[in-house]
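Read through the structures below before going on.
In the two complexes that follow, subunit A is the common piece, with subunit B as its partner first and subunit C second.
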Partner chain A sequence: MEKPFDPTEQLVLKFGDIFTRQTTKDDMLTLWLPLERLKEVLFFCKNDLRPTYKFLYDLTAIDERPRKREPDYPSEQFTLVYHLYSYDGNQFLRFKIALKENALSAPSITSFWANANWYEREVYDMFGIRFEGHPHLTRILMPLTWEGHPLRKEHPARATEMGPFRLWDEKQDREQHALQFLPEDWGLQRHSEDSDFMFLNIGPQHPGTHGVIRLVLQLDGEDIVDIVPDIGFHHRGSEKMAERQSWHTYIPYTDRIDYLGGVNNNLAYLLSIEKLAGIEVPERVKVIRVMMCELFRIASHLVWYGTFAQDVGQLSPVFYMFTDRERVFDIVEAITGGRMHPNWFRIGGVAQDLPIGWEKLVKDFLNYFPKRLKEYDNLVMRNSLFKARTVGIGIFTTEEAIEWGVTGAGLRACGLEWDFRKKQPYSGYENFEFDIPTGENGDCYDRARVRVEEMRQSLRIIQQCMENMPEGSYKADHPLTTPPIKKHTMKDIETLITHFLGVSWGPVIPAGEAMVCTEATKGANSYYAISDGNTSPYRMRIRTPSFAHMQTVPYISKGYTVADLLSILGAMDYVLADIDR
Partner chain B sequence: MNWWITKPGATATLAGPGSFEETVQQNIMLTSVQSLLGWGRKNSMWPFHFGLSCCFVEMATSMTPKYDVARFGAEVIRGTPREADVMIIAGTVFIKMAPIIKRLYEQMMEPRWVISMGSCANSGGMFDIYSVVQGVDKFMPVDVYVPGCPPRPDAFMEGLMLLANSVGKEQRPLSWVIGEQGVIKPAKISMKDQRYEKRQEMTSFRSPDEV
Partner chain C sequence: MEKGGLHPMIIVGVVLAALLTIAPGLIWLERRMLALWQDRYGPNRAGPFGVLIVLADTIKLFFKEDWIPPFADKFVFVVAPAIVAITVLMSFVVVPFAPGFVVSNINIGILFFLAMSSMGAYSIILGGWASNNKYSLLGAMRGAAQMISYEVFMGLSLMGVVLMAGSFNLQDIVYAQRGLWFVVPQFLGFVIFFIAGIAETHRLPFDIPEAESELVAGFHSEYSGMKFGLFFVGEYLGITLISAVTVALFFGGWLGPAFLPPVAWFALKTFAFIAFFILLRAALPRPRYDQLMEFGWKILFPLTLVNLLATATILLWMES
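Presenting the complex of A and B:
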């Protein structure tokens, strides 16, 4: 990778010396800027800076009040964090804005960045920071009846701190009433000039939504005029959870973010932590991790493949594909002992070495699966009814995809050859030969084609892993790895104490911030980890692809019919836990 | 019971060791209406198409060929609660979702049963967090608890069979004139206690270092 380009000079030239630079462990350019200049700086970055930062990757906040701060850390009580990404320059840029507790308000950037909408709502919901000029600033994840802002430090974390849960009849009625959809609240008309609109409620319990999400459709006959998605039914508070788990015991929670992606989540989390801790993992660990990630990528894509075919009316493919998924799980189970949530990666390595005889399992699968993929092409991809339901449906262009923050197969289906495994390689992906499949039309069919081809590429990667598995340790020789290294403990008291603390309290990760962007099964996924030198994270921000993807649904579904919406949702391949976390 | 196979083209007289008594036994069944209904309910438990999170994927896996829940008459997934017999709480019970779950449960017709699948639905599990109800039994009755995070499809099917067995023994008297009113369910059993002896016998385990 070439040396990253530094846009600070251009920014200083344009706006004067208003920026304060912060060094972070991930070497991402991090600039503090004053609140009143926020909007113009971001607008400049999006449109006039060279290279342009077209992609608002993430927007979040930090409650800084009880943080152990370095004296030169220029924060007030709250901090807003904007992550921008430049496709031209292949680099990230992080802006931070300090907010005072008595003036929790910032200008909204929704006027020039479409996908800021949900992110700003989420920050409002979680921290109570208001965004002036936002078109509809309401809670997004928590129920409308909720009191308090969960990611503030004073909000209780545990359900057991909040008293036993009761659902008496009046409460039931009140909650149901709060769910009542009023078109006027969202600025939607009930009539057009020549017709009355119908409002159709899909979900939160509906077989076509793949989980608990609610979509309210504004319909003119069968045609979709607008959609209001209502999310948060699957909010498990994973970010708050990190603030009380140790760095090590948080790993199982990452498994359950994208619950079809298994160890891909572990990897995204651990890459950030290992950057913070300064751990270099051995080559063998890298290759084992890549192999497991690709196996899970296939398993996840198989679930998508089967359920998507089912969504558009094919009942049998899902039975074939789940059977093949079981074959992947046979390997996963032999290696890790688990199925969906193996929780198998560790800080600085993996839980144990590969078992004797793993090559045969992998080899058998590599021999078996390509034939099946070919069969599925005939069964699904070449099926004329399947094509009729997907070709030309849900089209968006590369520009629209970037504006709305679409990553993963959705972006590649537009024709942009972009895969973070290739563009910003991590865990040794630079050593593997594989192609980035792309589409041309950006419709549901192309998204399906890209994913099917991705499974073939994953097989290629797994084959290379199998043939070139390096010798060596399955764990780095570093004091912060978990579980801590034991070999010296029985010889001297110092290492015994360290080991005891490492096991009971968990490792103390040095203070700092780091984020590593990975190509998860559904798109760009990353954990922005902040440590203040403690046994648990100070703040853990999880940027998930499905959140951004779900936000695009109203935009791309307008003008299509209700039946097309199911194709669009199916082709999107989202997981509810990946949206709501 | 004795049984035999006739070869195609064989003459009508069968060479089996059957007797008149046996034939009658095989063709006439004496039972009460209650037991007959119980037997019918037991063998056709229609689940409600309802899922909350990760567990639902494992529940769906149990319907696919490797596990094939159709063997136990439970493959008819109903999209509406009004047609379903058993609701499987597969996944985390979120506070935002709880009123909806309760509403769906209330929409199911009697007789109805609930399986709580996975640690989250059983007790909140690893998610002792502000947005999660600590167990679905906080606001509705549960018949069977299946442990696991998520439970394997086999475990889910075992839960389903335990429920089926209990459903077969359930009594629903017609009127207080005849007997007690209400539904008389068999006592819940603890599989943990039942398997104690067997668990204690397990002393040698396969090494994880080999496939």
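Presenting the complex of A and C:
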């Protein structure tokens, strides 16, 4: 990778010396800036800075109050964090703003960044920070009737801290009432000049949504006038849970974020932790991880493939594809002992070495699967009815995709050749030969084509892993590797103590912050890990691709029909747990 | 009535008994065949090869609470599922299963069949409307548009056959195919009739009024118990009807080499079409509702007219 470009100079030239620099473990340029300049700085970064930072990658906040801080740390109570990304410069930029508890409000940037909308609502929901000028600042993940803001440190994390749950009649009525959709709240009309609109709930329980999400459709006949997505039904507070788990015991929770992506989640989490801990993993670990990730990418894409075909009414493919997914899981099971949620990567390595005979399993699959992919092409991709339902449906351009924070196959389908495995290689992806498939039209069909091709590329990577698996240890020789290496524990008291603490408390990850962006099965996924030198994370921000993708649905579905909406949702490949976390 | 034929009441009894066995049998058959094509087992527990699954299902449906949603239009809600079963069963009245083996050998058989299948559209429209549910309403609207449109091509596509046979009577039409099955000269008519038949029975790929992944269950979302069962049986009777009529009109009905009795030939051919229906369901995705209408009005409609015109011209030319 070329040396990262430093835009600080330009910023200082434009705005004066208002920035404070913070060094972080991930070497991402991190600048503090005063609240009142926030909007203009971000606007400048998006439009006039060279290179431009067009992509609002993430927006979140931190409750800093009980944090053990460095004396020169600029924030004492709340911090807003903006992650920007530049496709031109291939680099991230992190802005932080200190907020006071008695004035929890910031200007909204929704006026020039479309995808800030949901992120700002989430921050409001979780921290109670208000955004002035936001078009619809309401709770997004928690129920509208919720009291308190869950990611504040005073909010309880466990049900047992909250007293037994009761649902008396009046409360039930209140909850029911809160779920009622009132078009006026969203600025939607009930009638047009010549017709009455119908408001149709797709979900929370619906065969076409693949999970609990509610899309309120404003319909004129069967044409979609507008959509209001209602998310949060699958919200389990993963970010909050991180704050009471040890660094090690949080790994199984990550499995369940994108529950089709399996170890891809582990990897995104662990790369950040290993950055914080300063662990350099052995080559063998890297290659094992890459192989497992690609197997899971295939497994995840197969689920998408089958269910997408089912969404447009084709009954059979889903059965073939789930059968093939079982074959992937056979390999996963032989290696990890688990299937969908193997919880198998560890801080500084993986749980065990590869079992004897793993090559044969992988080789059999590599021989078997390409033929099946060809068959599926004939069955699905070349089917003219399938094309009729997907070609030209749900189109967005590269600019729109970037504006809305679309990553992964959706972005590549617009023609932008962008894959974080290639552009910001992690875990040794730079050593593998593979192509980034792209589309041209940015419609549902192209998104499908890109994913199908990605499976072929994943096979290539797996083949290279199999042929070039390095010898060596499956764990890094580092005191923070968990569970720690036991080699010297019986000879050396210091190692014994470290081992004992590492196993009983869990590792103590040094204070700092780090984020590594990975190309997960559905798009860019990362864990922004903040440690204050404790046995559990101080704050764990999970940036998931599906959240951003779901936010685009109203924008790209307007003017299409109900049937098209199902094509759009199917082609998007989202997982509810990945949206709600 | 055909002289020397069986007493019509006996025929009615036999036909009704046969149909009411075939429809549930088809459910089992479809599930097994789909399973076979989809690399899975399908129902295989109740009875040998799972054949009793339908019996088990029927018992379940009978004992389910017969729930009528409080917001529904009660009378219409109850009547709608009966309409589909009645109209399809009535259509069988004119189908000749073997020489002389027809309930009512009326001379406007085809018209009667078309009329009855048009009536079938009412069950969808009324059922969806009476349910007072948005999904049902959308399904019903789609169903109404689809069935009424495809009615047109269905009727027109048969006119070629009528011209060639010179009769609306199905038995006469079968006799007229002794030399050559009408599928050969009327191939276009057959294809259009079969496509329209799929749309009439709203089976996948044209199950747009139900469209599970979009409209949950479309027009019959609110139905449960035996009322749902009637829609279900009605659908399978519909498949049998379309297959039987296709056989009678285009594939020589009961005609065939003498080593099998005529009824057996008829049953065999009908079965082949039923299997084709099921295969279609396993293979194809569903088009969008407007695409279906476009396909109908812009492609099928002109084609039927061309077919009719060409048939008429050739017949006139041959006569003169």
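The rule is simple: the second predicted complex is superposed on the first by the 574 of 581 C-alpha atoms of A that agree within 3 Å, B and C clash if a C-alpha of one lies under 4 Å from a C-alpha of the other, contacts with A are read in each partner's own complex, and residues count from 1 in each chain.
The rule is simple: contacts are C-beta pairs under 8 Å (C-beta built on N, C-alpha and C of every residue); 3 or more make two chains touch, one makes a residue touch a chain.
Computed from a predicted structure; not experimentally measured.
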State whether A:T561 touches subunit B only (first), subunit C only (second), both chains, or neither. second
Does subunit A have more residues touched by subunit B or by subunit C? B
Touching A:T323, do we find subunit B (first), subunit C (second), both, or neither? both
Subunit B versus subunit C as contact partner of A:G357, first or second or both or neither: first
Would you check which partner chain A:Q314 touches, where first means subunit B only, second means subunit C only, and both and neither mean what they say? second
I'd like to know which partner A:Y528 touches here: subunit B for first, subunit C for second, both or neither. neither
Where does A:R166 make contact in the superposed view: on subunit B (first), on subunit C (second), on both, or on neither? first
Quick check on the superposed pair: does A:P207 touch subunit B, subunit C, both, or neither? Answer first, second, both or neither. both
Going by the contact rule set out at the top, does A:F386 touch subunit B (first), subunit C (second), both, or neither? second
With both complexes superposed on chain A, which partner does A:Y250 reach: first (subunit B), second (subunit C), both or neither? neither
Which parts of subunit A are touched by subunit B and by subunit C alike? 207, 319, 323
In the complex, the residues of subunit C that touch subunit A are 34, 37-40, 134-135, 138, 142, 204-205, 207, 211-216, 281-291
Touching residues of subunit B toward subunit A in the complex: what are they? 49-54, 56-58, 60-61, 64-66, 79, 92, 94-100, 102-104, 124, 126-134, 138-139, 149-150, 152, 208-211
So in the complex, which bits of subunit A are touching subunit B? 141-143, 150, 155-160, 162, 164-167, 171-172, 175-176, 179, 204-205, 207, 211-212, 232-237, 240-241, 252-253, 256, 259-260, 303, 318-319, 322-323, 325-326, 334, 337, 339-341, 352-353, 355-358, 360-361, 576-577
Subunit C contact footprint on subunit A (complex, rising order): 198, 200, 206-208, 222, 309-316, 319-320, 323, 383, 385-386, 388-389, 561-566
